[in-house]
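Questions regarding the structure given below will be posed in turn.
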Amino acid sequence: MRRVTSGAMTPNSSGFELELAALADNVPLVRHALRGLLEGTGSSDERVSDIALAVTEACANAVLHAYPDTPGPVEVSAALSAGSLLTVTVRDHGSGMAPRVDSPGLGVGLPVMAAIADALEIDTPADAGTLVRMTFDLRPQAS
Amino acid sequence: MPDVNAIVAERAEPGVEVVTVTGEHDLSTAPELKRQLDAALASGAAVVVDLMQTTFIDSTVLRVLILAREDAGERGIAFRVALGESTGYGVRRLLELTGMEQRLATAPTRAAAIADAAAL
Amino acid sequence: MRRVTSGAMTPNSSGFELELAALADNVPLVRHALRGLLEGTGSSDERVSDIALAVTEACANAVLHAYPDTPGPVEVSAALSAGSLLTVTVRDHGSGMAPRVDSPGLGVGLPVMAAIADALEIDTPADAGTLVRMTFDLRPQAS
Amino acid sequence: MPDVNAIVAERAEPGVEVVTVTGEHDLSTAPELKRQLDAALASGAAVVVDLMQTTFIDSTVLRVLILAREDAGERGIAFRVALGESTGYGVRRLLELTGMEQRLATAPTRAAAIADAAAL
């Protein structure tokens, strides 16, 4: 079932970088890597689940919207700084943000990301595609 | 991924088809869930979706559930979602964030969902 | 028709700050101030129109979603740095990002902002509400 | 705001109600546009929305137009949007960004829109 057509994973204590094909079957892998990274940080299960949801929605957008024709690459990177700040970047090289009135999705992906992340940043790099960066404060009490 | 992530359909009692979703589900399994729900809705039975052992869903899975519920409503098919204490935070959280908890026709246990669906 | 219940406008050559009630009738004022600010920058009419659209969508969200009950304040600030970078911030003190499946909107506001702005940032400040920051590169050719 | 921002309904010819939208429109005027379109759709006539002198719309205005078109379709009422060379960039851009240009039942001039609507 898992077609990891290109997986180059370099996990280390402070982060990881994944380069995957933009396929639905690859999205659970990203959550898996994320949970591994967050294990040592003392984050609550609820916080980890929230972060997994926000990152899943970002990956889902790359899979569902970025490549109308052939799936291209998605790069997911996660970095822990000072043990309490997590930055996750999801970057595709697809069509760029294209607002669609008749989106096949539920339309809650971006607001879910914004609601969970302490900061959500969306860039449209000059060389095409979309870059989504989310920052999560891992300190307890922070929301 | 561990095989605890599963979607299983069964005729739990006469006239009630139960689709049991366990573990975590996202866009990689949403199409399979949709297939099984479509088949259940086509079976002529009442339909229950058991989320009691579901730990995580994303918005593509939520969308499949919402559409199935709407479809059942339009076709006059009894439909219930079992969503209770054992349901994972990763399911309840998305429903809460999106305000959909009230809109899925839930019952707090699998047995209650089956009884509700059978009675409709 | 225009109920500007609280308008404190301090325009100057390099930016402005507006504090308005979150009412639909106040949104055209924001575009007006924005066009005034961009007049001297040599930006094309098309670019100014795009920026006006992105900022209108951000203001519309504050008006339509932030305050379910009584409209509160919206703060809009715009700053030109080095004449070529425009940063616009739209901040409300409402309910915070709440993804709604049954939104009364078309659901294209956030993707329109992301598509037009060179960078879109959405923060959910600890003291409630939503802060949307958009950066626009005003140099010709930049998209 | 200059009074060039206006929404005016008139019976342009027998059986065709034209709602002319001039200047820029957003959530502050979308409810008024909706009122006028609803009235036009209730008048029994074919409906034309003239955007030839519209300079800017936001997504709340686009939504009103899309819903009016759907409403007209469901009720079997002829509906056309005049959208042409003189229509402002701030209108065409939003339609292009959202891929809605093809979906609004457009005609390239006011006269063509009226003729189309009258012929339907």
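Think of it as A, B, C and D in the order they're written, each chain with its own count starting at 1.
Methods note: contacts are C-beta pairs under 8 Å (C-beta built on N, C-alpha and C of every residue); 3 or more make two chains touch, one makes a residue touch a chain.
In this text the structure is predicted, and so the values were computed from the model without any measurement.
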item	value
Comparison of C-D and B-C (more C-beta pairs in contact)	C-D
Chain B and chain D, separation of their C-alpha mean positions in angstrom	42
Distance between the centres, which are taken as Cα means, of chain C and chain A, whole angstrom	26
Euclidean distance of C-alpha centroids - chain C vs chain D, Å	26
Touching two or more other chains - residue numbers and ranges from chain A	98-101, 106, 108, 112, 115
Chain B: positions in contact with at least two other chains	62, 66, 97-98
Touch-based graph of the chains, sorted into line, ring, star, complete or other	other
Set of all touching chain pairs, with the criterion as stated earlier	A-B, A-C, A-D, B-C, C-D
Residues of chain A touching chain D in the complex	98-102
Chain C contact footprint on chain A (complex, rising order)	96-101, 103, 106-108, 110-112, 114-115, 117-124, 126, 130, 142-143
Complex contact set, residues of chain C against chain D	1-2, 24-28, 31-32, 45-46, 49-50, 52-53, 56-57, 60, 63-64, 105-106, 108-109, 112, 115-116
Contacting residues of chain B [partner chain A, same complex]	1, 24, 26-28, 30-31, 56, 58-60, 62-63, 66, 88-90, 93-94, 97-98
Partner chain A, residues of chain D touching it in the complex	62, 66, 97-100, 103
